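What follows is a pair of complexes built around chain A, which joins chain B in one and chain C in the other.
What follows is the complex of A and B.
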């Protein structure tokens, strides 16, 4: 039965080839650099490159490359040695060190105007971690392209290789993600989109380096080896007037570690000239703690799970950012963005990073052109 | 709960297709503009998706793929 279904799927792809509807595929290339800096001594500089080449009127081959150059990656140890402390970054060497992550992605896209199919694979390698993944997506346009229904799936097979010898209970981290999306044009000035995501992870899900040191207790961080999460998001974009628009989104997330979160964002965009668009974006995020995290300094030898990562505790975060889009002659485009991110303070952040709250600035700069 | 919301949304969007043709092709000029995109800058969406994946415990809600890394 499965072979039959697979053959029907392959046949359906072949049939897609003989249709001759319009598609938006075009040869294009982009270069860029992204940066990330925070007050926990992490700086990341990421050159990016993307190349898209039409193979035919309906097929497009894409190759993307991202390099993360991490400098000053060692993170300050907590200052209070009687509690949770001595945490190093997952990918960092001792002292001030560099780590470089290479992450190429290859994808093949079919687009006939009504059907959009994408297959791809991803690989990344760094000092202590290797990521391998495959992904696919399908989007179907309906109702004279007023409605778009989509489904996408990805499966990763990642592997830990800690920089110091430590026998992990498992060295893999496999993640499955399935998304269902629906987009609807409501009026000529308003569209809405809904997305549901199912996520399942299994393997070694904590950091191999984080550990707890308190009184007579010394333990490596240990999480459950399975996690199932669900996310539901609603997004919309609305034209306020000829030059102004607003896009907004809300996401609810929940998982079986009892982490629940709400994320909302709003962004105003304005065409200042025919060629230049900018705006302002605000984002608010709040999450609950996991069901196994405990207050700093209260773990006992009988505990099954240990968490020192602040992400397992309750906190909020805020982002404010400004985007820039400059359209040039011939369809070339220069885009940039700068965002400031700040978390609320909690005891884990204080003990790990010796900072009241995590504050970071991340930027993008990309030049895209057709060829 | 999430399952029912999803099923309800899909039924709503697919069951009454005629009523969902609300924007004719000649009325779509605004949707071709950068400011009318849900993610006006694709590179920023990818970058921030990575940052939030590293700095927060939630994920999902978008169809984009984010590859794994040791910093998570």
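What follows is the complex of A and C.
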């Protein structure tokens, strides 16, 4: 898995968490550890820390820190070889992290009951990639808080610096994302929300390390330098009874690279005891290939674009997971989850990672408490 | 114009691969593909690899292989024979099976386990023909970690020279070959992050290999990963040994470094002459032993004195 994409996924979760802070203005702190392991030899171990400090009855300051220790079969740290061509040494322990990424986030939230405003910034740095982003969101509660309309936007300014001195056509990667959302409580047991997302990326959008090697051709992966996408999502929460609830969602995505995807997910949650909630979640994803992807081994010298990443090709995936929530005395909360992800068979995965399908397990564990 | 300024530096076989050569980027990619192909065939950590199939078939049946696939086993057995078993590629029963080095089940085995498993390490039992290979006892395992990186370095240099490269440097996890131009190669300090020596190579082909106790161990260096297969435990004569030899010899050097690591200082002179190698061995007390540096393809060697660390 391309680690940059994994991090973008993580960032998208961080932004979701911002909007979920509505009406939850209190001093709290959390510590956690997330892990990701897949059969393409990528492992990510991520300790997390978050601190939320109430500045007044309506203002909340949030600071988050995430560290990702990555071992990957993609690219490794360039050694500090400025004055030597190579270093002879004993075989290194194989679990040493290839890259460590530090990602602090700061945010400020205003909530007066009817209006929720959040804005903040995000920074990340790793061996070959630096990310800077700003984000803001506004949610307006209407109709005695039975209706919520929201808008959020984020803009990132990222920069590549490959570990070997490859001259990239561009070294930047900028992404704009704007969401419009509407949430309606339809009955006391049922609420629905609709979200439209606009996404625009520009710059160097492929990996600087992936390459194609055929009999008469050797090319680095190369994608168009602009991408515009639109997504429509419907999400619902239905309380089945006092102990059981169902979350479900559907998302349709399309972009000007001709990738179209459908994502369906459902999550059943049950309060087994007053303190303990758990459940089961399923997610199915399917997408078409981009308009420049070709079968492996069929690219020609006259082609403008070359794909190596399987996410440029058509594939399906499913995820099955189990979340846990344990509420302790005094309001402390322990949340955990484990998910299993598997893609369909894919020749691009076979070609680059030598696996028929990508399979991964990711886990989360977070302890949260008020202070 | 070369696409890279400094060649390619990437990760393969759970280690760093560096290739510099006056060739096109296509050739560099082909070299990288060679390393990836080796990993997919000979990784002990991939259940689908040829090596895993051979290990899984131990005591059951022989595994069919092509002549090319058998080459590394033949080279490993040749070094084992030359060293009278001081290097033994069937040490996998101990290194991976018992100690679990490189896996998430690393542990220190009991004396009884060591005594039992030691009997599974014997290269003389391996049955190899032009078409198949067989480990005759259940539980026997090949571990090619002792020569795999050197073998890949040799293969890449051969490939580069076959396509016309006149100068190049290949490093596979610190197993290094250099030719065609002078290169500056550092030897890692086994006690800190710096370097203990700098080798300035000449333009002639030279191979360099290092083994040490400071990177991979269970708990402490006391239990490092370079086992003496006679005792199934660790020796502590050295913290680091670096072996140099003229020519394309990384495979052999990779294996011989293990032999040197498990030999007493008074035996180094004889080993150096037998294998026609130069040796720099650093003891845990920071004493440095040099052997056989005559006629080596290097311009000079700079040593940096140890400071209090």
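Basically, the second predicted complex is superposed on the first by the 321 of 371 C-alpha atoms of A that agree within 3 Å, B and C clash if a C-alpha of one lies under 4 Å from a C-alpha of the other, contacts with A are read in each partner's own complex, and residues count from 1 in each chain.
By our rule, a contact is a pair of C-beta atoms (placed from the backbone, for glycine too) under 8 Å apart; a residue touches a chain by one contact, two chains touch by 3 or more.
Model, not experiment: these values are computed from the prediction.
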First, second, both or neither for A:232, with chain B first and chain C second: first
Partner chain(s) touched by A:218 [first = chain B, second = chain C, both, neither]: second
Of chain B and chain C, the chain that contacts the larger number of chain A residues: B
Which of chain B and chain C A:143 touches, first, second, both or neither: first
First (chain B), second (chain C), both or neither touched by A:354: second
Residues of chain A contacting chain B in one complex and chain C in the other: 89-91
Chain A contact footprint on chain B (complex, rising order): 2, 5-6, 9-10, 13-14, 17-18, 20-25, 27-28, 30-31, 33-38, 40-41, 43-44, 47-48, 51-52, 55-63, 65, 67-72
Interface residues, chain A side, partner chain B - complex: 30, 32, 34, 36, 46, 48, 68, 89-91, 101, 103, 105, 120, 122, 124, 126-129, 131, 133, 135, 137, 142-147, 149-150, 152, 154, 156, 158, 160, 173, 175, 177, 179-182, 184-189, 191, 193-199, 229-233, 235-237, 239, 244-245, 247, 249, 251, 253-254, 259, 261, 263, 267, 269-271, 277, 279, 285, 287, 290, 311-312, 317, 319, 321, 323, 325, 327, 335, 337, 339, 341, 343, 358, 360, 362, 364, 366
In the complex with chain A, residue positions of chain C that touch it: 3-12, 14-16, 18, 20, 24-26, 29-30, 33, 36, 40, 102, 145, 149, 169, 171, 173-176, 178, 183-188, 190, 195, 198, 208-216, 225, 240, 242
Touch list for chain A against partner chain C, complex: 41, 72-79, 81, 83-94, 98, 163-166, 209, 211, 213, 217-218, 220, 354
